[in-house]
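What follows are several structures.
Both complexes below contain subunit A, partnered by subunit B and then by subunit C.
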Partner chain A sequence: MSDLALSPEKITADLLPQKFSKRGMIWTGILIIICIAGAYAYFRQLKEGLIVTNMRDYVSWGIYISNFVFFVAISLVGSLITAVLRLANVHWSTPLTRIAEIIAVSAIVFASIIIVVDMGRPERFLNLFIHGRLQSPIIWDVVVIGTYFFLSLLLLYFPLLPDLKILIKNNNGSPKWLQRSYRFLGSFWKGSKEQFKISNKAITILCVTIIPVAFAIHTVTSWLFATTYRPGWDSTNFGAYFISGAFLVGAGAVVVAMYVFRKAYHLEKYITEFHFEKMGRIVVMLAFLYLYFNINEYLIPAFKMKKPEESHLTNLFAGEFAPLFWFAIFIGMIIPIIIMLFRRGRRPLPMFIAGIMVVVGAWFKRYLIVTPTLLHPFLPMSNVPVSFRHYFPSWEEWAIAMGSLAGALLVITFFARVFPIIPIHETIVEDERHA
Partner chain B sequence: MDKTKIVIIRPNKSSMNKQTSSRREFIAAGLLAGLAAGCSSNDPFTSHDENVKASGEMVKLLSVDGEIIEVDKAFLKPVPDMPHVSNEAERRGIPGKSFVMVIDLSRCKNLRKCQAACNHVHNVHPGQNWIKVHSMQDGEHEAPYWEPTTCMHCDEPPCVKVCPVDATFKRQDGIVLIDNNRCIGCRFCMAACPYSTRVFNWEAPLPLNTSDKEYSCETSLPQKKGTVGKCDFCPDMTRMGMLPHCVSACPNGVFFFGDMNEDSVTNGTETFRFSELVKDKGGYRLMEDLGTRPRVYYLPPVNRNFPYENGLHNQQDEEY
Partner chain C sequence: MKDMRKIKILVLFFCLLIASYDIAAQNDSTKPELSVTIHHFVINNSFQYLLVETKTKVGNKWQPLKRQVLQLYLDSNKPENLITKVMTDSDGKAKALIPSGLKSLWDAYAIHKFIVVTEGTSKEEETITESEITKAKILIDTSNLDSTRTVNVRVMRPGNDTWVPLKDVDVKIGVRRLGGDLKIGDEETYTTDSLGEVSAEFKLDNLPGDTKGNLILIAKVEDNDQIGSLSIDKIVPWGKIYKPIGASDFGFGDRSLWAARGKAPIWLMMMAYSIIAGVCGVILYLIFRMIKIRKLGRKEIYISAAVNV
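On to the complex of A and B.
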């Protein structure tokens, strides 16, 4: 960013939250409509029961659970971009930290929502606390996801404090309730040396603590599967496999968000080609890492072809799920790697396309982890209707899953409407550091 | 609500069998056994008690396997319902018992009477079954056979391990039960069970045949929407000293049920020492290598009573 040489006033003016453009309105409107459709589908599910889904006794976990895994995965990026890079003293990632952190927060919120949606008796949610058994991986998940949510929220909030002061100062045109919210959130922040010292220390502590918690949320999520005996899940590799995939999809999502915010808010001076170049290298590395774990997960069992694994694996490689499986492998990993290996591929537009491929591939990858395994139980599927032996989500499931994705995007969209999506204060500091 | 229910005064055939009379206390409840002991006839609907005269007024009843039967009203006798068992007692189990089941594969011909009785008694939703009868063939040149599966009531139950709220639990008598009033419907237990024994109440259960039932973990009734169900070894029956419904419904005596502490299992007509039966017939458990330690033992399909093909016609309605 050394070539920027912008005045603090210019930076502030550029980065203050802007009103939705016409496109922004359309985007928000579409998201709200999808959310409403999801809410209606969930209302139907509450009324009729989980019968409105196409899950049945064999496929007892469907796209709700794979969507949950997807959300938990994508939320890990907060710890990667913010914590890991910060602790490694990497400065170029400064403009991306808040994007990563709001993705983390909204994803973890919707992970929690979608897991409640999957429950047969959501009204008994409190049983998890009243009758919780510490031996159950679900309770571990409740504990670590709760912890991760609060750490992420703080990691979003503390670096926001200096920006809140800027927002309060530059209150031209924003509605009253918004100004009141800014003051409520940040009026105690004077920006004194002492406050910065405390805040920096707190952020460093958060960065250190959030890394093991981030590893924990996705490792525990992988254990929801790996603690069972089923082919495709019964793996000692699952924690590392899930985490590598999580960093990949999270980084892909940040790339997509970078591109969109850059275009929508004209941030070319702040999110530069240099950032895409750097992120591209990270995504390639993570994609290779995930590919490595995929080879471990699929080729090693396939080498042995134990009987329970055989039908599962052949079904993935060449059967009913083969198109989806190869889609996830090629679109989710191999083609993005090929694109981003080259310098020309690490420019904004190709990166944006590769980022979308990574995210879409990752969503279907989670589906492939959850569902095909359940269709290959140890004992044959006997004495059940034909509908029990297949699974394709019902419209209610699609509506709810898409509604949750739209909801997460809506949270990010509104956040960027209300708060500066690129940290103003830190950008000014970085700029001065270089000058 | 009047806390009585009606039973037909019907001596259990097995309890009339001289060879098994020593195990009678296991088979028949005290009240029924007392009546049965005084009977001399095997016909359940002729007068057993000198004092009871046929009234001529017939009552239509639904039998456990769903058939409508007509019985003279005089032969119906109200008996007090079982005393209420608290939730704590249901979670503890029946003291001193260690229930075990033996399934003799050489006798099964896929009649699925076990399944029908079980579904009927437990109000299982149509299309779902707690008991499944699998058509098995382990290897290419190996012999096919019919394999009924119940809940294995594992001593290391994977379902219980993963339950976040202690809604499914292991009792001291060995039975794994579900408390449907506590289950949150996360279905982790279904994913964890390698025997795919668990079913889920995806929609509201069908109306109960009997209206006045208060929920009990031991009867698993009434079924609750949004919670998990499975074979419960009919602890309500064993509490009364009676056999689980699948055992008494099977005309071929495939299922043996009993108490490991007494080292005895019975299918209602034959009683064996559990340890000897398993030793002599080469009993085994399913998926021993997983370490789940099931309480259901299987006797291999050798010296069969029926050829495998006899069960095939029942399999035809499978594809619906």
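On to the complex of A and C.
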């Protein structure tokens, strides 16, 4: 927050949810259209089957699983900003906690949805639970995703309680259904000392619990690949590699969201250049960490160049996937590092651009983790059709993937319309503490 | 004039050349080469059948003649001697059994003739192929003297009132296995002597048999010009007792990471369930804390309402 102390009334007035502006309406409309296109594509997939996708016997995990890994990665941001920084008693991150938490919740919801989309027979989804084998990392993933969702929801809800009281009190002009929702969610919150004591203890417990669960979700997702003996996946490094990547993309997403909310809701007094400066340092550190794991992940197999790895690696470094690979490395890591390494690069606009680079680079990185390996099986089929040896998603796959991304953004957009995107009560307390 | 004559001769020569080529081409298209082979099989001296193989020459290659109708006759191609009418399969082959109605004719003579008539079509002409077979039988016996196991086989043909030995017939002796017949000794084939007999030492010690240690010995004569193909088998307890391998022998029944759902390792179950229980416990505790906050809030509402009253 800016050094200038603000009155609680001013803070409340500034941070209360605002109606969509014209730009907000256009943004929401575009997202809804993309979601409808995705829903139509999914309807076609349900009707015709997975044949409408370009996934075949070789690439059976295509853009959907890449998207899933991306969503899982981005959801880690909740535990980074909220839990890690809160437990470390870092106060500057207060305005960013709710942004981080809603990104985490929406990402984990769409990670679950995209997995169901990838299933050829989604009506058999329940069989995962009825007939699932405890020995399979897929079941571990189902368990940790469910657990992480509930914990993220609770971590979003507990700190929201004092703000719900403020929302109920300042509900002039809100639609009736919204007022009823506020009352249902938080009318019992009186802000008594005992309630605060219980709530603060619960938040601390949540922060302690969510960190191992968040690590578990990313490690287990990496094990979906690493427990398979295939070039590009057969690595003991994968858990740490995934976690470091998840931290980076999550932090990048928060930077983008910070800039957008700051601009859209005129929150310059609350999300200041100081916050961008701090987040910039974090993103640089995380980008270096992820780059380090990438060097480990590619340099060592490339040094040994074992026969099964050879075609996979040469394809990445200088073959069919080389443009995408170097794009992901440079746009997703090296250029953002160069931008944010300098103080001038840690200002809002350069940070926003670097944040977008990190997120886009991360999406393509997930695609590169999933697809090229599948195109290089250990036991290639004889007389395999040409369509098996190349993969480019069909329009249905693109529409569904983009629809899911738009859906996640829509959840965040609607949340910011209904609830304060910066915690009002915590900001007032922080402001009083500074004063 | 001389030039004119030369031209006339040349024109005549070319006309003849073209005409001869056309005639040859017509002959080729109307009469493709056809090959019909008849095989007669007798199994265990009781069951017999015919196998007819047909081929046609396409270009320089022999190809199976598919879906060709064949009429099979015994001894003469009269309607009453018709064995059956069959159609060749995709390999150009057709099988037929000799019907019981021809038993008296079969029993009456020692030598028979099989006649195959291919039905004429627009492309092929009717052809008749014959094959002569002498009735024969094959017998198998075993002996086990001084730990030497021997297989004795006799091949005979009908004589006047009785069966007489058939010499100089090649016989294969083996043990029936899943992938084919395994020869019992060093020789590929054994030739019958003047008594129509062959003997072969059984050298396959420690060969796995069935669950009782039984092996199936087989003796066969293959595509003999005179007697066709004959085979006979005999069960002998000369193999090692086979113990069936169950799922448990491979460890599939044990608890392991690759076992079925109900066979998850105990350590994994304990670890996973204790982690799940621990995290669910935390979530439940937090939900109870939320209920407590709700209760505290409601209590405060009642107190303030009471104070106002």
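Rule of thumb we're sticking to: the second predicted complex is superposed on the first by the 432 of 435 C-alpha atoms of A that agree within 3 Å, B and C clash if a C-alpha of one lies under 4 Å from a C-alpha of the other, contacts with A are read in each partner's own complex, and residues count from 1 in each chain.
Here is the rule we use: contacts are C-beta pairs under 8 Å (C-beta built on N, C-alpha and C of every residue); 3 or more make two chains touch, one makes a residue touch a chain.
Remember, predicted model here, so these are calculated numbers, not experimental data.
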item	value
Touched partner set for A:205, first subunit B, second subunit C, both or neither	second
Which superposed partner A:132 touches (first subunit B, second subunit C, both, neither)	both
Chain touching more of subunit A, residue-wise (subunit B, subunit C)	B
Partner chain in contact with A:109 - subunit B first, subunit C second, else both or neither	neither
First, second, both or neither for A:377, with subunit B first and subunit C second	first
Intersection of subunit A interface sets (partners subunit B, subunit C)	131-133, 135
Touching residues (chain side subunit C, partner subunit A) in the complex	256-261, 264-265, 268-269, 272, 276, 279-280, 282-283, 285-286, 289-290, 292-294, 296-298, 300-301
Subunit B-touching residues of subunit A, taken from the complex the two chains share	48-51, 53, 55-58, 60-61, 118-122, 124-125, 127-128, 130-133, 135-139, 142, 224-225, 227-230, 374, 377-386, 388
Residue ranges of subunit A in contact with subunit C within the complex	131-135, 140, 143, 147, 150-151, 154, 157-158, 161, 187-190, 192, 194-195, 198-199, 201-202, 205-206, 209, 213
Contact set on subunit B toward subunit A in their complex	112, 115, 127-129, 132-136, 149, 158, 161-167, 182-188, 190-192, 194-196, 198-204, 225-228, 287, 290, 318-320
